[in-house]
Amino acid sequence: MENDKNSQKIVDYIGNFARKHSLFVLAYGTGCGAIEIPATMTSRYDAERFGIRGAATPRQADVLLITGYLSTKTLKRVIRVYEQMQEPKYVIGFGSCTVNGGMYYDSYNTINGLDQYIPVDVYINGCMPRPEAVISGFVKLQELIMAGKANNGEKYRENLEHYRSNQKKIIKNWKMPDYNW
Amino acid sequence: MSFIDLKGMLQPLGAVKQLFKKPHTIQYPYETNKASDNYRGLHFNDLDQCIGCGNCSTICQNDAIDMISLDNIDGKKGDSGLRPRIDNGRCCWCALCVDVCPTGSLNLTKDYIFVTDNPNDFLLTPGLDNPDAKDRLSYTCDMNTSLSLYDRVPMRELDGKERVKSFAEVVLGYSEEEARAEADRCISCGLCTEACPENMHIPEYINAIARGNDDDALRIIYDNNPLPEMCGKVCTRVCEDVCALQVRGEAVAIRWLKRYATETAPTVEMIKEIVDPKIEEPNGFSVGIVGAGPAGLTAAYYLALKGYDVTIYEAQAHAGGMIMYGIPKYRFPLESIDKQIQYMESIGVKIKYNTKVGKDITFDEIYTNNDAVFVGIGLQNPWNIGIKNEDSPGVISAIEYLKIINSDETYDVGKKVAVIGGGNVAIDGARVSARFGADVTILYRRRVEDMPADWEEIEGAEHEGINIVPQAIPTRIIKDEKTGKVIGIEYLKAKMVAEDGGRPRPVAIEGSETIYECDTVIGAIGQQADFDWLPENYKEDLIIERGKIQVNDLRQTGVTKIFAGGDSVKYGNSDAISAIADGFNAVKGIDKLLLK
Amino acid sequence: MEDLGLKIFGAILTTIMAFTVGMTYGGIVRKLTARVQNRYGPPVYQNFLDLLKLQSKKTNIAHGFMGHMAPVWIIIAAVTVLMFIPILNGNLWFPNLSFHGDLIFLLYMMVFGSLGMALGAGQTGNPNSAIGVTRGLSQMVGYEIPFVLALVALMIQFQTTSVQDLTQVQHETGVWNAFANPFAFLAALLASLGMFRYSPFDIVGAPAELASGPVSEFGGKYLGTMMSGGAVFAFIKLTLYVHLFFGGAGNPDDSGILATLAGIGILLVKTFLLYMIPVFYGWINPRYRTEQAIRYFWGWPTALGIVGVLWAVFFN
Amino acid sequence: MVREKETTLYIGPQHPGITGNMMVKLKVQGDTVVSAATHVGYLHRAFEKLIERRNWIQAFTLLCRFCVPEPDPMELTYARAVEELDNREVPERAKYIRVIVMELARMQSFMLWYAGQSGSAGLYLTPQWSVGDRNYILDLFEDLTGGRIYHMYIWPGGVRRDLPEGWTDKTLRTMDYIEKRLDEYNKILFDNTIFQKRAQGVGIVPKDKAIEWGVVGPVLRGTGIKSDVRIDEPYEVYDKIDFDVPTQEGGDIWARALVRKEEVRQSIRIIRQAIADMPGGAYYNKVSNPMKWTVPAGQAWAKTESVRGEIGFHVTSDGGNKPYRVHVKGAAYTHGVTVLEKILPGQNIADVSFILNSLGVCPPEIER
Amino acid sequence: MTDLVKENILLNAVTSAFKIEGKVIRDRRVEVHADKNTVSSILLFAKKQLGYIHMNHMTCIDWIEQGEFELVYTIYHPVDKLTLFVKTRIDREIPVMENIDTIWDHANTYEREMREMFGIEFPGLVGEHDFILEDWDQIPPMRKEFDTHKYAAETFYTRPGREDAKDVREELSKRSGTVVPDFAKKYSRE
């Protein structure tokens, strides 16, 4: 037993170490924060130093960046994309909008609290977050991964009922297959 | 399709050069790029400087700023005791809150990194949560860049040389345009309402003026002040002292705006039409009021509105009390007070003139015939200057002097006049004297900036050629041995000595005696109430301390049925607006006593 | 049969080396690319971390049987081809099956991997994958022609289809085939640009056009396996080129440790330099459209290939 | 020839080739697009509704978010519309500062376009360079306005802050640097034969239809028609500044790229002139208390030349302290829907993203 | 300042041809007010006869108090550099307007947006009904009577933790014990 635990620990450690240093970010600019992503990824800030690079499709991606507000129309796609991502997966919420609606708090078309619809690992403050802040967010995510606290996918699966009911409250026409892993 | 052309082959060389260049990457987080000096990062609020006006909260289009009360900050006059808290889940760092902050306490810093996994962490009380951010302020706002308008619309006045020729009103009042512009400056925080003894609805009526609804403004004013015309002209306006704009600039001219609002209704009929007071059915109670000063009139007005049968007993031939007799006509013309009194009478207030209580009618009679009594007698007896030869002819108290002048009688002050004192009454005395062609000098113990008079009054006096001698302690009045008339006054120069925990005290400099030759000495160092009319048995029950009647917050005296207000009462300042507040609150007290 | 053990050992060693070198080259290229782009880039071992991460993904989704099989197919194809490639000329440690394979067999086997990918991608139902596969096959048709022509030229010139023999010839004469038949070499070199799928021939997985093309629907372990297969394939192509045109590496007469290491060193240098050509070209060129790419291969490279064949026929 | 099966291909909303959060639904036969339909609304934030709830000053913080890559033209156009309604004079210095800000905005947006155009063609070197160098322009903005992306700097009556000390020198230095770097980029991208082959003859906007289709800005100039709000209806101080409006014949991606390439040079030229001619004095004509500010009733239509073309604001006031209606027309409104749907059929799917970038389609501007 | 010659010529040309009202707003800006039925012929006339070949913009303003939608067509002459506004008002209860996407193709986009945002019908308009919104089941959102704040507050989540916020004015009047009368409250700070 003890041995199993230890070996599991080592496996987790190695896995987490790899995950931490290899974060594939889904290329999905959901909102205005996407404008700082090129800056973060390119030569001035060079996020690739941390192994952060873009992934073109959700299947290959580890990190979903919600770059700001989400309109209800996009939310539907985001849920779809999120569910297509393979675990372990992480979500980073950019800017004010993902926390409490930001400057679109009274808009009829943007959601206010992102964590009601999909679990979020890290929030980055700003409107928009600067590249430095974005990198700080990634560093924080790395810490969480290393500590084993970033278990976004599990959280989602376990509380699927809760998330699903919240999602269906907003998305009136649910023309999607229910969850497929 | 050509083979790779030569140019295409040579291109790489340009790119390969970069291989050997040092990358311009900023290796954050191992090395940091400092945010610019102007960066709009997280907020910082100087909690001591902040007055909790809530302007930031109002301008925030994201509804991101809440005003909350903090544990260690209590409200006081000019400080609501609330402080902004930013919801960083809403903020967009537009810095409009910084640009409208009237005190400049709210600023943005260079901190911009805030990363968390808990969405409930995003409430930030700037200043409390990040006290060390003070050193990293970046986006700040001074008076030039501020959106607040710190400069008051100047009030048009008669020229100094022109106005000493007559008792014409010095202040000309705002034109409509000026009033709108001035009202526009107000940020509607309402800090003034707390400072105002009467708690007038200042932001509301200013807003009404700003939006061009003068009638509404007047209606709002009359809601708790029946003498706005008087207040609009001679109020001591403690409200302006706490104005949020006054912290860095000039306060909103609340008094002048009130004046403007009253000027839009020049006749009694118009006032009545606009204010449209709702007079309730008579409720059968009657109230007797002693003294038709501001306190008495206010009490009478609101009691009458509530259906009481109100009678005022006034010793003089004219209502108004000190504002009638103690304020020169260039500040407050006779027509204005007449208009106000007529309006009062039109809603059913009865005033018995020339009826001095204790002489023409006994207090007992009033006490027994009415269900409640309100005493608003004011301060009539001047204090003595307390120096030699004070009783000589040519020495007069300012209050007496003003009363004489306001009663259209004459008093010859001669060519040169010395006024002792630094309050409004002193300046009034001086300026009235100046209107009679006298050369006036004011002697004041302390410095000019210590003078309790309004700065506008002091300035006005200076414009009218009145000489102010500060730090002068009168020692004796010199009289002509033959005629006994005053020919001068001797004073000592003083130096200001700082005192622990108090304002500097003037100390006479030995041997600095100076003599100022003059024909009249006007003393204006304060007044006291006259309680001679009051039967002895009441005097004990009323509890009079240091010449002032003790009252509770509903202006009820030691005798249940007797309420008191005005300068003769120890509650608030000795000014007209406090008197009005006394009257207004006494109405509440009487209501509570009689109607339960 | 007595050296079967040695053979198995050599095969494992070869596979590990191919994999490691392929991955490391990828890492070095990423680093160098970053430098050209004025930045630092990821650490050289980044590809290993990526692979490790992909392999430690907790959920993996596959679309149907071929979805499962495609990565396996690719890695099998890669290892199989690897077995038939001489790693070091005549070295006892890496003999594998190089004496038995010939060029025609290798050509076939190399397509085998792509075929697996095509079948797997076809089953995902993602239109991007389908289009990517079509493009990939079109491009393959494009570059195979000059490549085959170049090989044919060599085969005619030296009258052999064995890679081992071709290497041995260069070793004996001391003249690299690159100089013995420069036209064939150039044709093969240009075809190699397409083979490595760097710009301007990265039309298969063109991100801005097709997301990531055939692999769009592959994630986790599947992608990781494909990645390893790709790394091995990269090594295969490089080694093959080195052996065909650059005189190979290793001394067939000396299989001592020092000589082996020296041989590996030479191999690495040669392969790396060769690898830098498409990478270098990729840095500075945008992508061709599919038909432009095909037209490119059927232009000068094919012409050079034909000249190479003629050279082989008439000058030898 | 055998008629190939039609496939439906969705470019976006999650797609590396899309220029924002939008979707182009393509019907393709093989590699050829048969028909295209733009689907937008993924970024709809209801700005125009929200502005009706904000007062005149508050509105300007929302406005700059209309189109993320170029917030400043939005601010300027709104400010100009409101100034027209309010009869508000702008100090001369503010006008010069506005011109500089506009041209810097044009440059930074150009750098992004450069990256997009190059990246969508598969060349990843210049994007790294240009987006990296774009930060130097953003640094200037940061010094000037306090924000990197959203500047919220130009507002009705002038600009928010005066130029910081030493800012003009820094700007000139940056201009020199950028100019030098542009040469390097151009060697890689514009001199590249493959890029030329890709860009020439692709995505042609016909010259005779261009104006009717509502094409504006560099795309229109790429068809050979000289049209630029800066010279047609000079605003701020563009009439006092000497600059050229480049045009190119052809109407294809290559022509548009050449127009933009030349335009950014002109921007540098304008900035240098504006800095040299900068007058002193006030930079802001204070509006009254922002919370109470009312604007006389009326309607105003203001146009500005942004990097992608004409941006128009139709502002309606009912005399209150809030805008009654603000309607924004960005360049992408026509480019992203009508023009795109018209020119995509017949193109190769490899060029879709290429064309999107070249038209400057910015989805948030379409749906707002 | 120019003397607005071109502008007046344009105004005369349009007003005399259709017997409608109009005015020159300022240099380069001319507006005419037309009946809803003549709008398309005015636009066609302006495009074909006067050379106003560029349609800049088309907008709708909801005058809820008058019960009307105001439609503004902004068209532009690329040579004369003049802008002509054709304004018309249609009944808010029966919001139907002529479709002009046969004159300018991109009018289609504007009209689809208006159909969605204001509920104005354009007979003969092609294109999917959902342009920007998706599955919208409320009244068209840009209409003035639609309260977006209320809708958002009801539909979306508001993060708790801010309930302790106080209003400065209320706090002050509470402390000083005064009551702001109801008729004055509309002047209080929002």
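By written order: A, B, C, D and E. Residues from 1 in each chain.
Assume contacts are C-beta pairs under 8 Å (C-beta built on N, C-alpha and C of every residue); 3 or more make two chains touch, one makes a residue touch a chain.
What you see is a predicted model, and the numbers here were worked out from it, not measured in a lab.
Undergrad: Looking at the contacts, which chains touch chain A and chain E alike?
TA: Output, common partners of chain A and chain E: B, D.
Undergrad: Among the remaining chains, which ones contact both chain A and chain B?
TA: C, D, E
Undergrad: Counting one step for each move to a touching chain, how far apart are chain A and chain D?
TA: 1
Undergrad: By C-alpha centroid distance to the whole-protein centroid, which chain wins?
TA: Smallest offset from the overall C-alpha mean is found for D.
Undergrad: Could you work out which chain's C-alpha centre is the most distant one from the centre of chain C?
TA: Measuring from the centre of chain C, the most distant chain centre belongs to B.
Undergrad: Where the CA atoms of chain C average out and where those of chain E average out, how many Å apart are those spots?
TA: The mean C-alpha positions of chain C and chain E differ by 62 Å.
Undergrad: Please compute the C-alpha centroid of chain B, do the same for chain C, then give the distance between them in whole Å.
TA: 89
Undergrad: Counting in whole Å, what is the centre-to-centre distance of chain C and chain D, each centre being its mean C-alpha position?
TA: Using C-alpha averages as centres, the distance is 44 Å.
Undergrad: Nearest whole angstrom, what separates the Cα centre of chain B from the Cα centre of chain D?
TA: Taking the average C-alpha coordinate of chain B and of chain D, the gap between them is 53 Å.
Undergrad: Find every residue in chain E that makes contact with two or more other chains and list them.
TA: Residues 133-134, 141, 146, 148-149, 159, 189 of chain E each touch two or more of the other chains.
Undergrad: Note the residues in chain B that touch 2 or more other chains, in rising order.
TA: 8, 11, 15, 23-25, 27, 35, 58, 61, 87, 89, 92-93, 119, 188, 207, 211
Undergrad: Of all the residues in chain D, which ones touch at least 2 other chains?
TA: As it turns out, chain D has residues touching two or more other chains at 15-16, 41, 44, 46, 49-50, 53, 61-62, 125, 128-129, 132, 150, 188, 192, 194, 291.
Undergrad: Dump the list of chain pairs that touch, please.
TA: A-B, A-C, A-D, A-E, B-C, B-D, B-E, C-D, D-E
Undergrad: Looking at the complex, which residues from chain A come into contact with chain E?
TA: 72-73, 76, 99-101, 105-113, 116, 166, 169-173
Undergrad: Applying the document's contact rule, which stretches of chain C touch chain D when the two form their complex?
TA: 36-39, 127-128, 130-131, 134-135, 199-200, 202-203, 206-209, 211, 283-292
Undergrad: Provide the residue numbers of chain B that touch chain C in the complex, in ascending order.
TA: 1, 3, 8, 11-12, 15-16, 18-19, 21, 23-25, 27
Undergrad: With touch defined as at the start, can you tell me which chain B residues reach chain A in the complex?
TA: It is residues 23-29, 32-33, 35, 42, 61-64, 87-93, 112-119, 122 of chain B that touch chain A.
Undergrad: What residues of chain D sit close enough to touch chain B in their complex?
TA: Interface residues on chain D, with respect to chain B: 54-55, 57-59, 61-62, 125, 132, 139, 142-147, 150, 152, 160-162, 164, 184, 187-188, 191-194, 284, 286-293.
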